[in-house]
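Labels run A, B, C, D, E and F following the written order; every chain starts at residue 1.
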Amino acid sequence: MAERVPPEVLALLKTVSTGTLCSQMRHRGFWNVFLHDVHPLRPDLRMAGQALTLRYIPRREDLDATADYDNLKNKQRVAIESVESGDVLVIDARGDTRAATLGNILTARVLSRGGAGIVTDGAFRDSPAIKAIDLPTFCRAANANLSNTIHFPSEINVPIACGGVAVLPGDVVVGDGEGVVVIPSALAENVAHAAAEQEQREKFIYARIAAGSSIVGVYPPNTDTLREYEASRGSVSETHA
Amino acid sequence: MAERVPPEVLALLKTVSTGTLCSQMRHRGFWNVFLHDVHPLRPDLRMAGQALTLRYIPRREDLDATADYDNLKNKQRVAIESVESGDVLVIDARGDTRAATLGNILTARVLSRGGAGIVTDGAFRDSPAIKAIDLPTFCRAANANLSNTIHFPSEINVPIACGGVAVLPGDVVVGDGEGVVVIPSALAENVAHAAAEQEQREKFIYARIAAGSSIVGVYPPNTDTLREYEASRGSVSETHA
Amino acid sequence: MAERVPPEVLALLKTVSTGTLCSQMRHRGFWNVFLHDVHPLRPDLRMAGQALTLRYIPRREDLDATADYDNLKNKQRVAIESVESGDVLVIDARGDTRAATLGNILTARVLSRGGAGIVTDGAFRDSPAIKAIDLPTFCRAANANLSNTIHFPSEINVPIACGGVAVLPGDVVVGDGEGVVVIPSALAENVAHAAAEQEQREKFIYARIAAGSSIVGVYPPNTDTLREYEASRGSVSETHA
Amino acid sequence: MAERVPPEVLALLKTVSTGTLCSQMRHRGFWNVFLHDVHPLRPDLRMAGQALTLRYIPRREDLDATADYDNLKNKQRVAIESVESGDVLVIDARGDTRAATLGNILTARVLSRGGAGIVTDGAFRDSPAIKAIDLPTFCRAANANLSNTIHFPSEINVPIACGGVAVLPGDVVVGDGEGVVVIPSALAENVAHAAAEQEQREKFIYARIAAGSSIVGVYPPNTDTLREYEASRGSVSETHA
Amino acid sequence: MAERVPPEVLALLKTVSTGTLCSQMRHRGFWNVFLHDVHPLRPDLRMAGQALTLRYIPRREDLDATADYDNLKNKQRVAIESVESGDVLVIDARGDTRAATLGNILTARVLSRGGAGIVTDGAFRDSPAIKAIDLPTFCRAANANLSNTIHFPSEINVPIACGGVAVLPGDVVVGDGEGVVVIPSALAENVAHAAAEQEQREKFIYARIAAGSSIVGVYPPNTDTLREYEASRGSVSETHA
Amino acid sequence: MAERVPPEVLALLKTVSTGTLCSQMRHRGFWNVFLHDVHPLRPDLRMAGQALTLRYIPRREDLDATADYDNLKNKQRVAIESVESGDVLVIDARGDTRAATLGNILTARVLSRGGAGIVTDGAFRDSPAIKAIDLPTFCRAANANLSNTIHFPSEINVPIACGGVAVLPGDVVVGDGEGVVVIPSALAENVAHAAAEQEQREKFIYARIAAGSSIVGVYPPNTDTLREYEASRGSVSETHA
């Protein structure tokens, strides 16, 4: 299990977009860390936490069905009660949306345990109710079928696939209105600071472009533009001071 | 054709979620009654009615094209004018969204005839205009192409497939912000009452969980929790009295 | 390259729905001009302009990667700086949404150059930021991955495929809350007027239907209905006068 | 139900390819008569017969499960015992291959009843055994699951969809190593003769091309080539005499 | 890990079809044990063995790439050298066929270690060479890309998903020309005998049908047919004696 | 346009598998050069040549339909008559298999012009006849529909996408029983020699593994194994001498 990432790093990551984080990860050689076709139910909320993974396999009739309602044996329920402050529950549902992975009551429990969010490449049920909960949640679809219609919760905190991306227990998981990006925890602090810096720079660039500038020399910035950006930072810092 | 379900049963079904109804149907042995990948245009509206089915097959050039504009022969138009109060028009479009199944004018006519809603695993056209109509409508996609681009309306009130689910004429069809569930009419009253009861119980459970309780012993509820729930109902009833 | 379509024609096209335009195109023998599975980020905005096409092919490691940041060589960047007033940038992304085609900074530049909109059958990144820009934008998905993760911008202003539809440079491209329709520029004026006329007629029909009329004799309209419509136009004109 | 097509017409149709038949159907305005993604188990056999249609809808637990083994009620079994000489059993499986539509015993029965073939856009089970039966069979996949895993046989001899194509009872259904084409029975005789004529002409053209000729003037043939073809027919006829 | 199934049970299972085994599993309440869209490279070979499972997750650049060529650390290589006599290597590739799971050299090693077969819902590379090896192999596709293009071998002998079916370490895995079925080891002996008995009965039924009998009373067999079958078994036994 | 690759390089490439070539391309940093889901009609033939590309866009009714039969204007026909000795015709069909890209007569013409093969991510028609032609051909599916049902041939010798891979005019295209790999022409000679060397080494390794050796130390080979391989080459050379 990865070590806990400092809260200030997670806080910083919540200020930057998944787009910026994908750029930073690419600079570090990572090509596939944004979950494909996984969408926010609450695009107004930002999420940053560490992955508590839960893996579903296809239902099979001899896998302990009586465990469905046993909170001490059913891995879905055990996972929920394992959530610690700052955890993002990430569920590998094999991209299968013919049934849910969980619903609004378990979502509420994740929130009350201090969870930072829930992510799956499967479906949620009670999705209208989940939208009303102030927890960042991300899924591929809504489906009212019970999870055990097609799924069996098999393991907790093993490496999983979610939205075509590898997710390891403890990975930093960041979400915004666009979707979800995964960052190995060892890189999180470095990525967070570089991303925050990049966003500052791109806000400057964006302002220039929005004001009518050509992208030539500005995006990407040439030396002159960078110098002007640095100068503006000084003045901004002064302003903020 | 199934018998008419009493209005109070349909009214009760409009108060419960499709999630709860899927749970109740599973208790009765039904595994596949929630339409896959069929979404509400108006998630704010609830729907409950009985299925008037319409089946589209692929367009073929020798199938009477002149009937396109003949309201007395074209099965799509005949179906619209067959809608009675409380009917949900359910259209089997084979999940093909490369063209629409109908548009806003026919939608308005369904509403004025007292229809309870429209459901298809195909597309709607004029979808922005349909969203402005106070009728629950559910589809897989929006597509501005005329329905006869790919479809031919073949039969009315035969068993159909919609969203991967069997729908028989007269089936009870319930929709909410999550999607659509199908209930054989003979089960509707029993399911409605059990679902309403389940929702009461789950509201109690949800309140506990939201207040910080563990799911252990609460969701699913053990004997103590159930006793407390029963007690609360008494007091709630008194309060409401 | 097609000739410029008069601004008043584009203005008229912005007042009619893509549904109506598909009807008009079908009357002229066109069956496949509505882009499949391409959605508005800003369903509140209408778009009408002429296509500036950009074709992406799959990334290959020997295609000039250093051009990624060279605004004078990279075809994506050159296309952006080629946008003229009234152009709609249409990007053929082969329907592949595993990475973006562009993000918010380039979108802002299209707006400031007078572009009429951006359309792709691929993804946008920075989609929450793009939604905040007052430019009509249409895509298949949101994805934070950089475009060169899977794409290489190969050519500008060649015939392309987008959403399963042929788009030629200079084609008129119209969008609304439902999606995007493509009209050969030579047909645009004729289609625009016929569509505006059709919408007037259908507003009349819609009002009748909404008021409780049967569709029989009204939709499609028979001679009596058409006469009443014509009469109403006179009075409407008078009213408006 | 369509009338019986003369045996000599069916015999003639078995001598021409589905490619040629698609060409002939296009000349008559039909764009969509070749079944998509439906493959021969026995590419060495040619098939021509008339459609006996069978429609499957999704399984639902209240649809008479006891009928599974009742040959007098189960529509699948009734269809099999309804096969007459020259019939092609065409099964609408909604393209769903997660279970079979039928297996080798029912296939053998179709053969012994004089059936001309079996076609489905679903799966067969016992496919290795079916391959050993001298009956043309066409499906989308092989799957050992029992048909009632996902299907319920709902109706016999109604219009269906198969492989994205409309199939009406009595339609002429022709198959070869490439796949299956559907021809309205009223057109069958005319199409058969025109197709046979086209194949003669294309054999001549093919021989020219194979001998090194350019396609220019030959494919499609210009007046000279057509005259040479006509001349060659004379000599061929003499040779055959 | 499941116990070893007796060789005579595996031998018996190799004599029956996956179709028959699916029937037997359904009698025991199992609905989803046939792998979807997984095909034999060698349809002439039958397979029966016990699952050694291998799970791939999506490639990520920080997962130990140097282990690619380290047979003592790379889980793919460790799995190969863990194969014992009678094992079927079953690889969970998430159904992703954009790269291989393994090629002909590792296949040869599985054979020489006494492996009973290889199954994956991903792809093989060197598939023409694998076809030449006398080992039953099953995959979804052929793809020449190296496995680490998209995969990272994560775990050995954990529960996996393959072709939409749960596979547990030690499960009995049987394959034929149709595909692959999974049987919990505890059921294997019972299923094997019942399946062999069913095949005997169905051979009798098939002979009747092939000889021209109706299916009514024969398939499924009524009491008379069963009596005749029992009588025939006696005579067959005598003949064989 | 790329320069012509020496015939002896193409000849050498025909002796190595696409699997080996993908390995060599990966060593050079290329991750995506094997066409996805494109299959040989003639797995017994090997292909090596240089790409003559042809791009199809979706059919549109105003694109010159009269050109369908004009060999001097229709780009499909012009492409066929442009084939030179050693060319592989590679057709970008956007992966759409609802109609063919070409049929047996044009295939025969490619052969007689000295073409080295035909590749498409669309379909062929007359596929049984094409299988009888001694030309390597690769496609995604068979479909008897005429190409202009859905396609319009737009351009010759431009960069295209085929099977998810970039193909540039003049690229070396190699095919075997597994599929097709694309190699920039500038790399062809180097890749060919390295691949031939790799195959020699892997034949040695394969023989070891097939003889019962562990993969440890052999695959990948350690220093000892490599020394033995080098020694064996000497003796082999001597033997061959």
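Definition applied: a residue touches a chain if its C-beta (ideal position, glycine included) is under 8 Å from a C-beta of that chain, and two chains touch if they have at least 3 such contacts.
Everything quoted here is computed from the prediction, not taken from an experiment.
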Please flag the chain sitting at the greatest distance from chain D, going by CA centroids. A
Chain centres computed over CA atoms; the one at greatest distance from chain C is chain E
Centre-of-Cα separation between chain D and chain C, whole angstrom: 41
Where the centres are mean C-alpha positions, what is the separation of chain A from chain D, in Å? 51
Any idea how many Å lie between the Cα centroids of chain A and chain B? 32
Which chain E residues sit where two or more other chains touch them? 31, 164
Chain-to-chain touches, reported pairwise for every pair that qualifies: A-B, A-C, A-E, B-C, B-D, C-F, D-E, D-F, E-F
List of chain A residues in touch with chain C within their complex: 17-19, 21-23, 26, 31, 34, 36-37, 39, 43, 164, 176-179, 181, 202, 205-206, 209-217, 219-220
Sites on chain C touched by chain A in the complex: 69, 71-72, 77, 80-81, 97-98, 100, 103-106, 108-109, 111-112, 125-129, 141-146, 149
Looking at the complex, which residues from chain C come into contact with chain F? 29-33, 57-63, 94, 96, 152, 154-155, 158-161, 164-166, 184
